[in-house]
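Going by the order they are written in, the chains are A, B, C and D; count residues from 1 in each one.
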Amino acid sequence: MARLEIGQIIAVLKEKLPEAVSEEVLDGVDPVIVVKAEQWAAVAELCRDDSRLGFDLLSCITGVDYPEREEGAEIEVIYNLDSTANLHELTVKVKLPRSDPRVASVEGTWATADWHERETYDLVGVIFEGHHNLVRILCADDWVGHPLRKDYEPPDSFHGIKNVIY
Amino acid sequence: MTEIENRNPDPLTKNVVLMTAVDDIINATRANSVWPLTFGLACCAIEMMATGAAKYDLDRFGSGPFRGTPRQSDLMVVAGTVTHKMAPRVKRLYDQMPEPKYVIAMGGCVIRGGPYVKHGYHVVKGVDLVIPVDVYIPGCPPRPEALLEGIFKVQKLMKREKILDRTRRTTKPEVYQPV
Amino acid sequence: MNLAVFTTFLGQAGQAIEEKVIEKGIVDFAADYSTKWDGGGEGGLFLAGAVRWLVETYTVPDWVPLSSVINGTLGAETFPELGGLLITIGMVFGFVNIFAIGAVWSERKVSAHMQCRLGPMEVGPHGLLQTVADGLKLLTKEDIIPRLADKTLFAIAPAVVFAGVLMRFVPLPFGDQLIASDLDLGLFFVAAVGAVEVLGVIMAGWASNNKWSLFATIRTATQMVSYEIPIGIAFVTVILCCGSFSLVDVVNMQGGTLTDIDGEAHNGWAWHWNLFRNPFMLILAITYFIASLAECKRAPFDLPEAESELVSGFHTEYTGMRFALFFLAEYAAMYLVAAVAVVLFLGGWWSGIYWVDEIGMGTDTWLASWLDGVLGPTLTAVLGVLIKVKVFLTKAFILVFIQMWVRWTLPRVRLDQMMYVCWKVLLPASLVCLIGSCLWELATGGASFFGFGIVVK
Amino acid sequence: MTEAKIRTEEMLLNMGPQHPSTHGVFRVVVRTDGELILESQSHIGYLHRCFEKCAEGNNYLQVVPYTDRMDYLCAMMNNWGYAASIEKLTGIEVPERAEYIRVIVAELNRVASHLLAFGTYGLDIGAITPFLYAFRDRERILKIFEKLCGQRLNYSYVRIGGVTFDMTDEILSDIEAFCDYFDPKIIDEYDNLLSYNGIFISRTANVGVIPADLAISYGVTGPSLRGSGVPRDLRRDAPYGIYDRLEFDVPVGSGEMGQVGDCWDRYMVRMREMRQSIRLVRQAIKDIPDGPFCDKKAFRGVKPKAGETYKKVEGARGEVGFYVVSDGTNIPYRVKARAPSFCNISILDKLTSMSDVMLADLVAIIGSLDIVLGEVDR
């Protein structure tokens, strides 16, 4: 139980799942690791259960839309993990194709992911496979579109109420 | 503070002298006992609570009893941001209130969407798209004094009512029907 | 129910009446007539008697159309009874309304001052007319009956609740002789008619077709039925000790001139009140007060109208005047349970000071005879009645104030805790008090705790 | 009558979005068996004001007022969280004096927020007077803030690179006077009035117990997590600003009146935190240095280089986090707010299914989690 540096965290991950981490961005403001989408569920389990890592708290899930990337339109899902015992943190990124953004749900690993994933689905349109109830959470149930996609246009009116007035 | 002109276009009831004394009494009682609906949406609701609480004490003007149910309230203070998800509920609550009923739009968001007017895709740009509003109180959020002033405006409006006048009921614009 | 109202009424009644008053005095008249009406029985239908006297002595002037018919009918036997009844009802009703208006205002003021606020200030001096404004406003509000409600039940429920409370005022004295009807089974009547109110609340909640109301209904039914048991036991204990169901008798045994079992007269003082009759009575009084809070749905037992849980409880769907009736009933019930507590434990209209109590009672105490000399016998009698009314109302209002005080201080209990308090605390406590009181009466031969062996016949 | 002959029905009860004790426009659909709740389903989004979309449409400075309106009860901390994340992204150094001022205003705001939580919790439980007492004292804090920045609720006072206005000596003495007035006399009064009231304890102790591991799994943070006995406080565990120089305790729930993690514990953590906040304010006032109160350059506009960061601070309700993605322009590419209430309230459905919860308890639980809907829905 000790605070680990980012290098040690990656070492632990690679020791158990050598294929999972596809990219390490250590020169940014926060060090970020990029995990392959298909490996993410296993990585999440490992992060939580390995006592050296002990990431028991999922702080935040962020979906970011990048429609104009050189390597193809992408959606990034960013997970901010935190350890209440070890006091270290980790930012994990999963890159998904924008046309069909699918990633495994981690609500079984962290219960808080339930609502966070629903929110990300609602606003960014990422589909979390295996989520028990992936429906809209913030917008109205019959809302159309995912508002935080960069090409989103708000509806002119919704149920007879004028929406765009300028 | 804007107030809507009391609309009484009906020439039949506009100048009924006989009823003025009765009107005066009834309007005075109504104006001095404006019971607001406990209906907070967002930040403005906190200022509304502050208005009802120790320092500003809305109860001095007879508006103290915040009723939890629309059936027993005379005034709906729409305090906060109305969203598209909430709009049908606002409309329903308004419909559930007994006549005569009044609406105060408190804060920028309910007047015209406030800071969310441009990018707030989910925000109703003004509660008057959903229900008719009598008094608008600008501010983000308005101070409790502003809400008090708004309630005084409502009292003024109430004092101009005619009990024979049914136009108030019929001229309410049916802006929006929840689906 | 104030005698002042009554005398004003008299003042307007014309020459003939004035002569009669001077001739004989209203108190004597009333007593006379009520005795006549009662068939010579004990206890006074003072009000009804007085009214009958009025009606009989007052003649409609000749210029009024059909005056001969009216005068003829008034002289007959049946009409005055009916008239007296109606006026009695009117006065009880008037008292309840005026009390409710005052109580709502004072509740708002009391709460405001407890909460560093001022409360109503704008309508009338210190907002005195606030409740009048509220009431008139509610009267003129739109009356909504929900489409899916049971319309008949929905419409009559407030009336049933109000009637349930109002009916319990019948055997309730406001002072010596000031009583609508001194029923022999007065306490039994109070307890029994209480169930009507529960029925009304159940009707209201059920007919509203609202889930919150339904919850409130079930809560009310549970609560009021449960809490009637400790209240009933308190009644039984007092009845056992006093040997009478009549509220007037219960009061009379706590003050004034008491007669012991040997026929010897004693002066009645504050320690002759039932509260001090035996140690168990003290506990019982507290038990009764707690149970009575629940009975009239006051905090901390305000579960049926728990604002933070059930929106507005059983009257969620009620608008305007119907809602106002519930409101009135609630405040009337507050007074009612307080007044019953005064009758049962706090000596009713007896002030607890013998000399004061005997003013206008015909006994020859120094105060009474001095007043007789100063004011004359008629005015002394009136003064005596007024003092007793004042004493009774003061005691009741103090209890009502305590109810308010409790409400603005304590949080609300949960349903299961409410049941726990009733069945596991109040019920055993009151049962112990019942048995204890019985044994005490047996052991001491009815000696009161502080009263040094006064036994009331 | 045998039990089989009594027909019972489960009832579906819709609580909210307009309900006196859902603290805003929160909606719970509960399936009840009499007063017992079998299952509940929370619905949020009735106040979804599109913060994140608005943030993508305004420049970095203009986003600050939107953060106010997320958690309008402790706007200072939200401002701070956002400002801190941008400062981290751009590498702006905040002047020493500004850091002290930030601590003072944030802790005062925490007191104000906890006061409101205390008051409305009393209201939920059925005690009305504590609410008005709480507002009486909250007004004093608001008056100080009004003097400081002209606003009562949504201050936008903590900005990128410092604070908007300097703290004058007069305001400092006002704050000191408030501290002397408030602690310990007023908090003791609250404890007498509500905390140790028998009925209050019986309503809140052993109700809505959240075990520590469950709380962490659901991402519960702040006083609600500390009520479960987990001493996690970002001010101490991941110090930001000058918190590492100040002394304070982290109160945790200990099951004093019932089990660890019940409503009473969560409530009491808040009451004890108020004392700690006042302690922090007093220390900060004592040590506050002279100097500039802001980075003038940052006030004119910031343009971080491309990059992204997550910064969290301890708000009144828990971890306020901002994930900011910059693409090198003066408009953020993406701002994601991690709202503590959003995570805290997500545990409600689990709590109602775990143990016997009555309708009155549901109100107590929602109140003890102390949610702000502006933040839940953003």
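As a working rule, contacts are C-beta pairs under 8 Å (C-beta built on N, C-alpha and C of every residue); 3 or more make two chains touch, one makes a residue touch a chain.
These figures come from a predicted structure and were not determined experimentally.
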Furthest chain, CA centroid comparison against subunit A: C
Between subunit B and subunit C, what distance separates the C-alpha centroids? Give it in angstrom. 41
Report the inter-centroid distance (CA atoms only) between subunit B and subunit D in whole Å. 30
Based only on mean CA positions, could you tell me how far subunit A sits from subunit C in angstrom? 69
Distance-wise, how many Å sit between the C-alpha centres of subunit A and subunit B, to the nearest whole number? 43
Two or more other chains touching the same residue: where does that happen in subunit A? 138-140, 147
By residue number and range, which residues of subunit B touch two or more other chains? 53-54, 68, 83, 85, 118, 121-122
What are the residue numbers in subunit C that touch two or more other chains? 115-117, 307, 311
Check the chains against each other and report every pair that touches. A-B, A-D, B-C, B-D, C-D
In the complex, the residues of subunit D that touch subunit B are 17-20, 24-25, 45-50, 53-54, 56-58, 65-66, 69, 72-73, 116, 131-133, 135-136, 138-139, 142, 152-154, 373-374, 377
Subunit B contact footprint on subunit A (complex, rising order): 138-140, 143, 147, 152, 154-155, 158-163, 165-166
Which bits of subunit B are touching subunit A when the two form their complex? 83-85, 87-88, 112-113, 117-118, 121-122, 124-126, 129-130, 176-179
Which residues of subunit B touch subunit D in their complex? 38-43, 45-47, 49-50, 53-55, 68, 80-81, 83, 85-86, 89, 93, 109, 115-116, 118-123, 140-141, 143
Enumerate the contact residues on subunit D facing subunit C in the complex. 11, 13-14, 19-21, 34-35, 122-129, 132-133, 136, 193-194, 197, 199-200, 202-203, 358-361, 363
